[in-house]
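One chain, chain A, links the two complexes that follow: it is found with chain B in the first and with chain C in the second.
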Partner chain A sequence: MLAYTLRRIAQLIPVLLVLSVAVFSFVEALPGSIVDTLVGTEGGDIEEARAILTKEYGLDRPVHERYVLWLGRALQFDFGKSLVTRRPISTELLSRIPATVYLAAVGIVISLLIAVPLGTFAAVRRNSAVDYTAQVTSLAGISIPEFWFAILCVLLFSLYLGWLPSSGYVSPFEDFWGSLQFLILPAAAIGFRQAAFTTRLTRSSMLDELSKEYVDTARALGHSERKVIFKYTLRNAMIPTITISGLQLANLLGGTVVLESIFAWPGIGRAIFEAILQRDYPLIQAGVLVLGCIVVVMNLLVDLTYRLLNPRVTFA
Partner chain B sequence: MSELKADKLVDGTLAWRAPPPPLVRRIATTISNVWYELRKSRTASIGAVMLVLLFGACIGTPWLATHDPIKQNYRERLQPPSEKHLLGTDRMGRDIYSRLLYGGRRLVTIAVVAVTLSLVVGVPFGVLTGYFGGLADTIGMRIVDGLLAFPGLLLYLLFVTVAQAWKFEGVMLDVVLVGALALAGMPEKARLARGSVLAEKQKEYVEASRAVGDSPARIALSQILPNILSPLIVTATVRLGFVILIVAALSFLGLGTPPPTPDWGSDLSAARDYMETHPLIAAFPGLAICYTVLAFNLFGDGLRDILDPRLAER
Partner chain C sequence: MAETVLALDELTVRFRLRRGDLTAVDGVSFSIERGQTFGLVGESGSGKSVTAKAIMRLIPDPPGEIPHGRVLFEGSNILDKSDTEMRALRGRRIGMVFQEPMSALNPVFTVCDQISDALRTNLGLSKAEARERVIELLSLVGIPSPQKRLDSYVHEFSGGMRQRVMLAMALSCNPSFLIADEPTTALDVTIQATILELITGMIERLGMSLLFITHNLGVVAHACDRVGVMYASHIVELGDTREIFANPQHPYTVGLLNSIPRLDGQAKYLTPIAGSVCNMMDPPSGCKFHPRCSHAMDICRREIPRLKEIAPGHLAACHLHDRGTA
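Let's look at the complex of A and B:
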């Protein structure tokens, strides 16, 4: 396990390098020089400012040197300053991460709360009304765009019924119950969509487990059906579900851009989206790099957990 | 019998062989064969019918549309569905039905081109790296992993930002979008193809063609590739639905083609301002997206059951 873990960590390095090169070349691919954008905002002696900025950003050096310089700073979490707010980008991003993690984590919990009982029940009562409902619901969940679902939720719960606010955010650390009000709609929109995938997965892995011999043995030994299902089968069937949920969580950290902008949720996805509208390129660059790294690391953790939970998988 | 022989003597051909069926009949036979296969899975046949309707609407758009999708008519704004405007009009008095048709045509075209392109790039990439292994495989797979590290919409956001900064418009913007979608879809196909190749490589027919002296590239691309196509086709079908969701999400965010081009995502986003008073305007583009994605998903799911009967049991 240790050797495998170390090897996997070593494999991360080239992936992160590819990611960083891609993100770096993004800014390189922009027309004009970043200095032009900056000079416009500073005012004063243009030629002198230009010379100073060119030196500061190392633009008088060749591309590969600039990449190394940029990467070196990025490794120390120094991404420079935002072009719009003039605050350090690292602070901007760090202040946005909690909101995204909060939304994504609750969304995944909701999806598991829907998917596990529904998928299990659908598998146990195969071809029953519940099974068909589960299958139809999960197909619908996969096919309905989440932004449309979110809009419909806002229409129903905020505009017609007036139960919940249509958008906004309160930190859970300041006012936990107040923050839940704002959280319910976006988290439910995430949960419903992610549950669509996990319900199917739970159902099919549950069916897989139920057809195995140990289930027959357990039944032959006279265990109650409830015990067979909840104590033995479900535990094994949960392994793929948990794994996929972990991957979903990793992806959600960067994938909630649309929902965050619908619900005015001050997460990192919305920060990147706003940066795009304001052409704050260094912030976009840093945000994508940070999210990419989070995803890569999360994927590794999920993989390692999977192997811990499921020792039968060979460490090839 | 004697008559048949005589025929053979007259024009020197095998007269007793039935003449080839006319083209129409042959096409009809093919369709009925395909339909026979599809009937094995109910989801596949429902999906197929939905897709035929969808593609029919996309091809027939110029004839089906009743109005110019861009022409504004402020005297008839925000109207409910009527005989003149089948699905009503939007905030600028444009006919929603016609806008849906033209928007769908564009969206489906982008998705089909993007997914085809990702197959064309990703599959040979995966087949070759998988077949040759070694350093090529290691480097190739690290590139693929690097691309997969972009969560959600971020890769597209980067591309769209660059395109906007260069002030790309119209077709160029679509080209960039298609390129980004193809690039993001490529890793999935490459990985799948590579995995199948690794399994297939051990089989006897590969050894046989190696013994005959076929070149490695030929073995990989013309012997192995046809044998691993079915999972790829299924993935590509499901991916089409996914790509449509992504494109719609991007234009919903205002990062797609700028108005007044008809577009389900941006129309939906614009309809939000009138949602309280005119919820139907927001309903139609959303339903259109659902229908399209559902069609591809149903068809893909059913296809998987047909092509891989082991999974159909579940």
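Let's look at the complex of A and C:
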């Protein structure tokens, strides 16, 4: 287990290296340079300013040297300063990460709380009214765009009913209960959307498992139907659901740009979105790199969790 | 006369499928006495496994239903019992061994977890007591160093060992009656005999009764006191094993016995029964076996033959016996 984990971590290194090259060279490939953007805002002799700025940003050096320099700093979580706010990018990103994690984690928890009971119930009561309702609802959930659903939620709960604020963010570390009222709408929008996929998945894998013989074995041993389903069958049926939920979480941590924009949620996705609008290249670079790392690490965690759920997986 | 443990009385199981009704078990009656081993033989699809599941009340409804018939276990009808009463019977009074241990054992729980859960639920043992009992059971069924194998998962066992685990599980709560549904079919031939001997040995040792379901006549000859031969949802012949092997009365039983390959070199070719099993969605009229029977007469196409006693304790369902010409 330990050897496998270490080997998997070692395998991440080349992936992350390729990612860093891609991120670096994509900004490098953009027409113009940071200097052009900056020079316009500085007064005085333009050529002199260019020369000073070029030297300050190290742009007089060859590309590979600059890459190594950039990577070396990135490893120490130093991405330089934002061109717009002039604040260190690392503090900028660090302040955004908790908001994204908070939203994504609660969103996935909501989706599992919907999907697992509903999918299980739909499978056990196959072809019942509950089953059809669950199937139609999840089909709708897959088909309806997330942003549209989110806007409708805002209309209903914020404008018409006035129950919840339409947008904004309060850190849960400052005011936990206060943060919840801002969290509910975006997290529910995420939860419903993701549950649309996992409900169907849970239903079909539950149906699959219910037809297996070990279910009858458990019944033949005198266990109650509830135990047969919720202990013996569900544990097997949860394997695909948990795997997919883990990947969904990785995706959500990669920033839910649209939802974060609708709800003015100060997450990492919105930070990158704004940086793109303002051509804040170093921030884009750093943001994409950090997101890439999060996704890759999440994938690793999903793989490792898989073993806990499914003992048949061997770490060869 | 010995005490009857299990008696089936005109048991009928039907499945309502989209394509129509399918009668998988049709008016099956037989009884098993205490300490006896009863073999139910038949081809795939003859209804023998459905019979076993009906005894355990494991027929899913829908699509399955039991329109009539009784399953008397120690005198009371299983089909009338509530779910709670049925649960008290399963595991504690009737144990069941399935055909394919790999799929019949839960892949994500350890062997100890699965068996001790049954012990704790049915016998109210503590966690530690249950664990001790699991070790005892595993060594009883011949699993070497059970202390080490206790916390293994099913996929970590070999086929024969898995069936031993399955048996330990079925025997865990001291049932007096065991149903073994083709317990040796999924195993290597070399292991089949070992498992067979293990099962019959345990039955004898624990004074249990056994319903043994198989398609293998050799296994029946070896292990069973009495035999019921099933063909297309009916019991066609019923009697003591010796009597049936020595003096088979139904053409199907005769065909089955003739189709066993002989090792004494008398025949070069196998003697199969002509034709194939009828389509149960659209069974032939009259005797279900008549399209394959070389003795078929007019009456066979019209009337379903009833089981009749042709010698003490030996019953057959064939029109040939109506005329006294066996």
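Assorted remarks:
We take it that the second predicted complex is superposed on the first by the 306 of 316 C-alpha atoms of A that agree within 3 Å, B and C clash if a C-alpha of one lies under 4 Å from a C-alpha of the other, contacts with A are read in each partner's own complex, and residues count from 1 in each chain.
The definition used in the following text is that contacts are C-beta pairs under 8 Å (C-beta built on N, C-alpha and C of every residue); 3 or more make two chains touch, one makes a residue touch a chain.
All of these numbers come straight from a predicted model, not from anything done at the bench.
Aligning the two structures on chain A places chain B and chain C next to each other without any clash.
Set against each other, chain B and chain C touch different numbers of residues in chain A, with B touching more. When the shared chain is aligned, no partner comes close enough to touch A:S167: not chain B, not chain C.
The angle formed at chain A by the C-alpha centres of chain B and chain C is 80 degrees to the nearest 10. By the touch criterion defined above, A:S90 reaches neither chain B nor chain C. In the superposition on chain A, A:L291 contacts chain B only, with no contact to chain C. Touch criterion met: A:N310 reaches chain C, while chain B stays clear of it. Using the contact criterion defined above for the overlaid structures, shared-chain residue A:V258 touches chain B, although it does not reach chain C.
Shared-chain residue A:H223: touches chain C; no touch with chain B.
Residue contacts after overlaying the shared chain place A:T137 against neither chain B nor chain C.
When the two structures are aligned on their common chain, the gap between the nearest CA atoms of chain B and chain C comes to 15 Å. Shared contact residues of chain A with chain B and chain C: none. Against chain A, the residues of chain B that register as touching in their complex are 142-143, 145-147, 149-154, 157-158, 160-162, 164-166, 241, 245, 248-249, 252-253, 255, 268, 272, 275-276, 279, 282, 286, 289-290, 293-294, 297-298, 301, 314. Remark: chain A residues 212-214, 216-225, 227, 232, 235-236, 239, 309-312 touch chain C in the complex. Taken in their complex, chain C has these residues touching chain A: 53, 56, 58, 83, 87-92, 94-96, 98, 100, 103-110, 117-118, 121-122, 153, 155, 166, 169-170, 172-173. On the chain A side of its complex with chain B, the touching residues are 11, 14-19, 22-23, 26, 29-31, 139-140, 142-148, 151-152, 154-155, 159, 203-204, 207-208, 250-258, 261, 269, 272-273, 276, 279, 281, 284, 288, 291-296.
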